[in-house]
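Presented sequentially are two complexes of chain A, the first with chain B as partner and the second with chain C.
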Partner chain A sequence: MPIQILVLDDEKIVGERLKASLEKEGHTLEIFINPVAALNRIKEKVFDVVVTDIRMDDVDGIQVLEEVRKKSQKTKVIMITGYATLEVARESLTKGAFDFIAKPFKLKEIRGAIQKAEDALQAEEN
Partner chain B sequence: MRILFAADEHSYSTDALPQVARLGENTWADITLLGVSNQSKAMADIVNTYYKKLSEYFDPKLSPYQQSRSEGNMKTGIHKQITTRIRRGNPSREILEEAKKAECDLIVIGCSTQKDYTWKDAGDVPLKVAKDADCSVLVIKEDKKINKMLCCLDHDNISQESLEMVSQMITLFHADLDIVVLTDSEDVQGKIEKKLSWLIDYYSTRDIFPCIELVKLTNLETFVSRKVRWGLMAMWMGKKSILERVFPSSKVSRLLKANESSVLLLR
Partner chain C sequence: MPIVLISSSPHGSGGELAQNLAKKTGWPLYSRDQVVEKAHETGIKLSRLETSIIKSPVISENLAREKNLYLALVTKTICETAKNGNLVYYGRAGHLLSPGISGLLRVGLGSALEMRIEHAMKQLNLPQEKARDYLEKLDEDIKKWIHYVHREDSQNPLVYDLFLNLQHMSIENATAILYETALLQDFKFTVESQQKMDDKCLAANAKIHLADHIETSGMDLSVRAVNGVVTVTYMPRQEASADHISRALEELSGCRETICTMAETNILWIQESFDPKGKNFDQVTQLAKRWGAAVELLRLDSEGKDRSQIPVMIENQGGSLSLKTDTGGVEDDDADTGYDDKGLARTVEKLVALGRSAGGFPISGAGREVIDAVKDNNNYSLIVLGNLFLSKGNETSTRLTRELGLDLREKLKVPVIASGELHSRFLFGKTQAFKLLGFILTTVLIYWLVFTFQKPILNVLGGDLHSKFKWAASIGVALFVPVVAYVYSTVTGLVLKIIDID
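Entry: the complex of A and B
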């Protein structure tokens, strides 16, 4: 099932890696490196999956998660971080993140998380 | 992140478990607990004990390894796996194969607390794994607090994964980062200096401010034995590493022997 995915990471390379791989699978991707622009887009549109970095300038991933939750309970949010701490991991969980992935990760790991999100969305529809 | 913890039945493997738990707790990595032994029944019991001990570190209500909320007929929540595996045969070969199969990002392995990096009944398994793994390897000598991470930079070809691994370790241990630049290699000096400047920029934009030390290759062993007593030594090992060329017979082993702390080999 093709899904709508928003990817936000201030490191350009993360979005580029995901774009090539996920578009091949038929998904539609919107890539952002600017968190403010991504937040504006999240307010406009309901995505099936949002993949967001946690530590960024101006806006952090937890704020993105909260904004997504305000807009839609359905959207699955996958948090990624290069600076994993127990506090952030737990906050992500309690605020309803779908998955939490620490860098370094292999593409397969993110693809696996997106596949799980897709399965969950499908199960919720049925 | 995917972590492989490779263990035998000795106390240094048990002593390495808290670091595996800390890593898992912070990064919510999928963890494989691997025991290698020709007596697979005994090893299965040991690995099960490690599994129980590891599980005890995590808060059942907030752990991704045990937690799973039910909403309607859907199980939601972040859920990660702790998998146990037993392999028979040559320990270092089996560990490397399992790491490759599980596509691990990090192998964690304990070793004896003497100056050599060995397993009691199987010789230099940790050293062989450290030398030959495709991913980064954390060799734990004993479970002690790490205040400083000392990274030896000797070549300019370093991976994004290794940079991210350093950031995670610094965050995990609340440690300071020292980058040690080896100064004897004129052929690659220009490239290393360029890489160093890039590394300083890379980490400072991430609020990590490394301290830089210049060390002659000939003084490296003394420097390491003096500086890393309360830290974690990290080395970027790869095909272009000078250390690989300087220590061709034993590669990392000679340098590791000068060091009493845990070691992270970055790839």
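Entry: the complex of A and C
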């Protein structure tokens, strides 16, 4: 089932690489490098999955997670970061993140997490 | 020279206490958060190590290299920050850093969960129940971290010099207690502990240099430093890269001399399939630890399915620390060959984690192919044959394994043993303990009989009985001497095994 995914990472290359890999699976992606612009888009539209970096200038990934939760309980949020600690990972999961992936990661890891999110969405619909 | 290492729970009062102490004394303050930041700058994949604790304990074993580098970095940071003589460090498992060095004050703190919950609620903007759940789960994660990274039980009171319960004590009073304790003679550095600290720092620095050098980053190396002399031990198959080690350590400050030495002892373990959780694995690694040996794995495919595969040595997955790549941390997938390596890679990784890996590789064929594959690297002190020729049926498999063993022993001149005999031949367990006891009793009995009944014995050997039955003495001696020799040698053999002399 193709799903709507928003990817937010202040490194442009991350969005580009995820787009190339996930669009092959039939998913629709919107890529953002500016967290404020991404938050505005999240307020406008309910995405199936949001993939967000944690450490960014101005807004951090936890704030993005909180905004997504305010807008929709259905959206699955996957956190990605190169600066993960147990404390941050546990905080994200407590605040409702669906998954947490530490950088550097292989593309198949993110595809696996998206697949799990997709399965969870389908299970919730049924 | 007080160095105070404070272990603080998340959302406890460790940070506040450490800051107070640093302010009162003027001693430099360093936190784990700063180490984490430094690890990221250095290129250590600490994120993967941290999240693996939550996501999968299996992944943790694959991250042995990151774990060792993280510990080296913490050691180096503590040594460098404390070079003027004082330091207050605080953070997760702070008390377990720089083990084995006396003169450090290792402090544990106990804070009320309710107080920590309140702090987490405020700082993380969480409702009470979520804050409780967050802290309870995080405490569990930290227990696992301590077990995996420091190989220590988080509940062990012996790892602390001082434990303060902050439930009924103000931070000011706790600071005063810490200050007075840190000034005690027991927590002053001696010349010996200073030397140990310097050596630990030097070894840690050497590990980071080697990991940062492109030619040495993937090598399985053991590093130690004694009195400013750094000794790096590498595996025999890495002999060609040995020159790079000296080059990588050329700029190492504080190093008087670098010695590169090749590991002397290797155990070659040949099997069709490997299981790092199996009994054989435990026995082989136990023996490797006793001998200080590295274990090389050879996966033999007797059916020849691997014929098309070029034998590739599986080694520690290194990679230079210079991780500033242009992929943003999103790496391409490994090529999926669909190839089942029968546990070879997992077992090599576990050996790497234990510091006993000499690599591993698959080959197809039987005796001749095995000899061809290992003859150029023959520095083995033992060859262990495990499950082989499994598709051939029990009897044929046993015969072929025996033939392979004889072939290897003859051509390589190395002792060969079946994995099933490892325990009885080289290790000491309950069975061996009972055997030792039985044989000691038999030896004592023989000596007691000989010394108690000397008269009749001498009679048989040279007295009246001897003159009547001359043949009896010859038969008696012929039977008695080998029995005594066997019993006595068994006892000495088992005793030598206990004291690690095989």
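Methods note: the second predicted complex is superposed on the first by the 126 of 126 C-alpha atoms of A that agree within 3 Å, B and C clash if a C-alpha of one lies under 4 Å from a C-alpha of the other, contacts with A are read in each partner's own complex, and residues count from 1 in each chain.
Operating definition for what follows: a contact is a pair of C-beta atoms (placed from the backbone, for glycine too) under 8 Å apart; a residue touches a chain by one contact, two chains touch by 3 or more.
As the structure is a prediction and not an experimental result, all values here were calculated from the model.
Superposition model on chain A: chain B and chain C are shown in a clashing arrangement. In the superposition on chain A, no contact is made by A:I31 with either chain B or chain C.
When both complexes are overlaid on chain A, the residue A:L18 reaches chain C alone and has no touch with chain B.
In the superposition on chain A, contact is made by A:A97 with chain B only, not with chain C.
Applying the stated contact rule after C-alpha superposition, one finds that A:T85 touches each of chain B and chain C. Judged by the touch definition given at the top, the superposed model places A:F105 against both chain B and chain C. By the touch criterion defined above, A:E124 lies against chain B but remains apart from chain C after alignment on the C-alpha atoms of chain A.
In the three-chain model built by superposing on chain A, chain B overlaps with chain C at stretch 351-359, while the rest of 153-161, 189-197 or 351-359 show no clash.
On chain A, the patch touched by chain B and the patch touched by chain C overlap at residues 13, 82-86, 89-90, 93-94, 100-106, 108.
Every residue of chain C that touches chain A in the complex is listed here, in rising order: 10, 36, 40, 45-48, 50-55, 92, 124, 126, 130, 133-134, 137-138, 141-142, 145, 323, 325-334. Interface residues of chain B facing chain A in the complex, by the touch rule stated above, are 1-2, 25-29, 62, 64, 67, 74, 76-78, 103, 105, 160-162, 164-165, 167-168, 171-172, 206. Contacts from chain A toward chain B in the complex involve residues 13, 55, 82-86, 89-90, 92-94, 97-106, 108-109, 120, 123-124. Residues 9, 11-14, 17-18, 80-87, 89-91, 93-95, 100-108, 110 of chain A are the ones touching chain C in the complex.
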